[in-house]
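Same chain, two partners: chain A is paired with chain B first, then with chain C.
What follows is the complex of A and B.
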């Protein structure tokens, strides 16, 4: 191994540029504050990231299929508010499936508009971002939604429970990541998603029903959002109507940071998970450093750009590449 | 003019609620609100405002909502000027951007009353009065609640606290933090505020911030949050870490969740700010201005301290 050549290293960097960037940040933050790398802190960051992460898993499918989903933040607020409200009227056993059904219906609507009516996904989901927010506010009348009996319900298990010392949100995130990772990489459906996003015309000629594939991607995204909403509701047992506001961009940032192309056709679940963790650890790391918070917005942006640049530069094999 | 009023009112019918009966001496007061429905405070405010107007036979109100959109609020200001209302109440969506519209109203000799959150200082010349809570005093009172509690516990000489503030850049967030940070060293000079981070008025964000604080600091005796929503987020984090015992939580704007946490004995105190008082004060200020009474420029309504000790004197907030 001592004879690992420059080329081997270059090849590794090209494949895993984002992992190298991730490792660099971890080392940097640990030097700044040794408490960064304690098990308690790592568990708390991953648990906080789990909600964003679960949403990012679904959006990964949508992005690889060559579309966007900007509605996931509003949709998460919707799921959270609905499950909290139904909990006190129907009880948790009925509230959870009812909430999933309602959220999936929203996903199906988006999938129908983008897949079968061939409307631009940016426009459709940007519209749904405010439409679903309005729907949530209409549903709740603008009021904060809280569970009456916070200690007497098993709903808390999804957000606050632990199995063998590991918080349940992390387990849900990892289990879903493993499942969806297999679906994307190893099943015919997964290959269709890549084909539709990579070269739509070729996909059609290969007999792939593109509309149905896109429709299913949005349905998966909605299912992930509903899961995220469930974790969110369970974690705080109460919520504002704006709980998911702005998360659509964080989710998209995580997916892109993981290396998925906005043009579709590339990306993996594993890299999305890394993208999610990078975002989570940056936020936490800057907090632990005690950086003045106005500066945090700037530093977060700088780190994201740095990570994307390292990743791209590694793929291209050079740092300097002007548009030509 | 009458017809035009009716027409423009019906054009905007979806957003409008007209209450009260027209008569010769009726005061016509228009209000453009920030974002009704985004939270329970603003929802309750609107209901209370309409109720107060309906209860007063001399007042007719035109109720508009900007939906958080500055451009829409400016358009609504122009609509109200066109309708030639007697006074305009504005809950600014943005303290800077609405100033030109406020100036326009003032030039049309329509007195403008700012409600809840004030506009920026360069617009003060065009404002008849500001009716709302005094955020600096609220912050100062939170500091006093915190300090008094530390004295009861006998830790006023060594306590360490953290602050979770509202959304960066918002006047309410800045003023509460300022009031708190200025008052604390006056009443409890030996208490250290070790760190401040924003929770963006968001319970989940606040919970994450508190989790990081709990990792970073082994000793936290008090948490000051810019509102109870964030305070409860911090409390959730402390509960999850098993460190609630021994931490004094103080917030502002007492929410129902904060009130309940106080009942459970987990949350120490807050500032009681009623949206009903807020709405009624705004309407009354407008009426007083129109009646030619001497109204102070900063017309604050009182927001008292609430703690576990005196909470039975207050009804549980509806939001």
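What follows is the complex of A and C.
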């Protein structure tokens, strides 16, 4: 067998690094704690990843279109608080559509700023992260939001229900993944998202309305966030103002882990689902090993850095290069 | 001068890229105190040669000798340390820094603890600026300077090393006449200090004014060196173009149809003014001129990427307003853009998806893109244009330049446009594919398309065009039929020399 040179190993790691790292994690966790690979634990990981997963599906569209969305965490807090508040005044039948409309309006604003005004998406959504947080606090008067009659409403079905023994959040996540996977892979809109993110100038030169495409991606992301907020509200029937805080980074980590390029133009819904699961299993494994919950924030950061580095390394075909 | 050794000597430089021999055994020498023009058409190999000299490319064969020593350069810094200095057409300055900081960037004089020694820095810089007789000082912010003065900063930077050879690449491209005089003075000064100068330019007038000798490249090969004082524009032009040219003239004269596109008095700010022309069905109209003459900008206006400031566009006799590529495509105007990779293709997408991109909304089966219809279109144009690819799933990134260009052409042909604009149809494409694309353009005209070809390569324009519009600095200088055009008259027209009789 031919010996692998240092460069070959570097190239291999650059291409397959995430999967190799993931495999090592799984093996390590299973040895460390036999509970890790049991059906119960697996189901629990998927269920607790569902909210993050739903958000990651929408962000996948944004990232493939060549942009970022850092506002999804605080937008999810907003959706959760709004639907909980309106529930007691309007009832679930009206509260849910009203919350979706308000969340989509936020998505439309971001889409307008990034798509039509061509403002940098990092700045716009970072600003929105803070602005929406302020909006949520203003809306709630800084108080936590609770539903009065927790047992007498069908709102609970989205977060606590089960169908055929499978938790509803998982079903929503998988159904949305299937739907959006088809939208992205099979429809003209999906094709345009790839074209705009792959080479926006060439897309414009091909008669594609770039601004509209980007706008729709942010609407898509907002719709997913609203869905995630609904599941969150339904699961806890009460919430803090900061329930989604920090999730924007986890969502981004999942999307990049799945292999979508931050430069745009590549990635798939399927890969994002894989990314969500990898992140979920690593966090769960670390918990089972007795790592403090708060240490997870550090771990998430390490995973993001690793993923971004490997993304760039895969493009260069080596782990390090003197020029960018 | 006979016994002197050259400042810079190239011996048998050869550089090949996959499928192309960009430089083929190029040898010439620049003497100290000589201004040596390097001429050749676009694509003749000048830029490649400069990149070899600058250490950006490594030659496959041959050697570079600076003074007495062979110089092997693996990066631009090494080239500079060997005394080879470039004054680029595109400036590479940090606008927010001072003139002095730019000139000594990376080698700022230091005091103790690594602090910058500003006194020495400014003193040294002012000494150099004095030599150049410029009207700004070491502390001026570079961003506040005119383009001409920024160029002076580049030149000043060149003077900080013991330069053996200074290479000017189209230095006058963005200078006014007054600024040119200053530049030429500086060049004369450098020459009197015994520096060898390579001067790259398309502008004959300048070449004959300031150079001592002229070396010509064509198709990557060295074609000879002429003494400037003993030659003339015709001889240089002939050397640049070669003799085969007359044979490859476009000879086909089929019947022309109606006027498909007419442009009247079109202007776009300072980019071009008062441009009028028409294109008939079955006709290829070539636009020829130097880079910056306004040709691409006209194409971009017709494709809805720029708003004209005056003038009208008529299609089939009817006035139209085109304010976006979507409008242009709906009107049947297609553009194969100049920058294939930047504007024409999504490199990370496959061949089929690139080809059907403009019509992806129309190719639907229910809510989905109709796979079968897409593949049918791809197959049809792959066969028609002879696109060589293992299959439609192939990433466009992996195709050769010629095949990539055919994908872009196929993309627009499949839309059945009435006017096809092709900007630089064969830039960066190897010789074999070039002639295929030329034949293709002729075929399209024969099939009744109205075609506009924009090119900076004279043989190409002469070969494919039924009529040629010559542009100079945003204006149409003259329009030729393929019968009346000569290389000389064409070169004169694009250099701004007005003929006795204006057509």
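Observations, loosely collected:
The criterion applied here is as follows: the second predicted complex is superposed on the first by the 266 of 324 C-alpha atoms of A that agree within 3 Å, B and C clash if a C-alpha of one lies under 4 Å from a C-alpha of the other, contacts with A are read in each partner's own complex, and residues count from 1 in each chain.
One rule holds in what follows: a contact is a pair of C-beta atoms (placed from the backbone, for glycine too) under 8 Å apart; a residue touches a chain by one contact, two chains touch by 3 or more.
Remember, it's a predicted structure, so these values are computed and weren't measured experimentally.
In this superposed model built on chain A, chain B and chain C occupy separate space and fit side by side.
Between chain B and chain C, more residues of chain A are touched by B. Of the two partner chains placed by the overlay, only chain B lies in contact with A:144; chain C stays clear of it. Of the two partner chains, chain C is the only one touched by A:194; chain B is not. Of the two partner chains placed by the overlay, only chain B lies in contact with A:290; chain C stays clear of it. Look at A:202: by the touch rule set out above, it reaches chain C but stays clear of chain B.
Of the two partner chains placed by superposition, only chain B is touched by A:235; chain C is not. In the overlay built on the shared chain, the residue A:186 is in contact with chain C alone; chain B does not reach it.
Our summary of the superposed model lists a minimum C-alpha distance of 29 Å between chain B and chain C. Chain A makes touch with chain C in their complex at residues 182, 186-188, 191-192, 194-195, 198-199, 201-209, 265-266. Residues of chain A touching chain B in their complex: 33, 35, 38, 40-41, 44, 48, 51, 137, 141-144, 146, 160, 232, 235-236, 238-243, 283-284, 287-288, 290, 293-294. Those residues of chain C that touch chain A in the shared complex are 303, 305, 325-326, 328-329, 335, 337, 342-349, 353, 357-358, 360-361, 363-364, 367-369, 411. If you check the complex, the residues on chain B that touch chain A are 36-40, 42-43, 168, 195-198, 202-204, 207-209, 211-213, 215-216, 229, 232-233, 236, 240, 255-257, 319.
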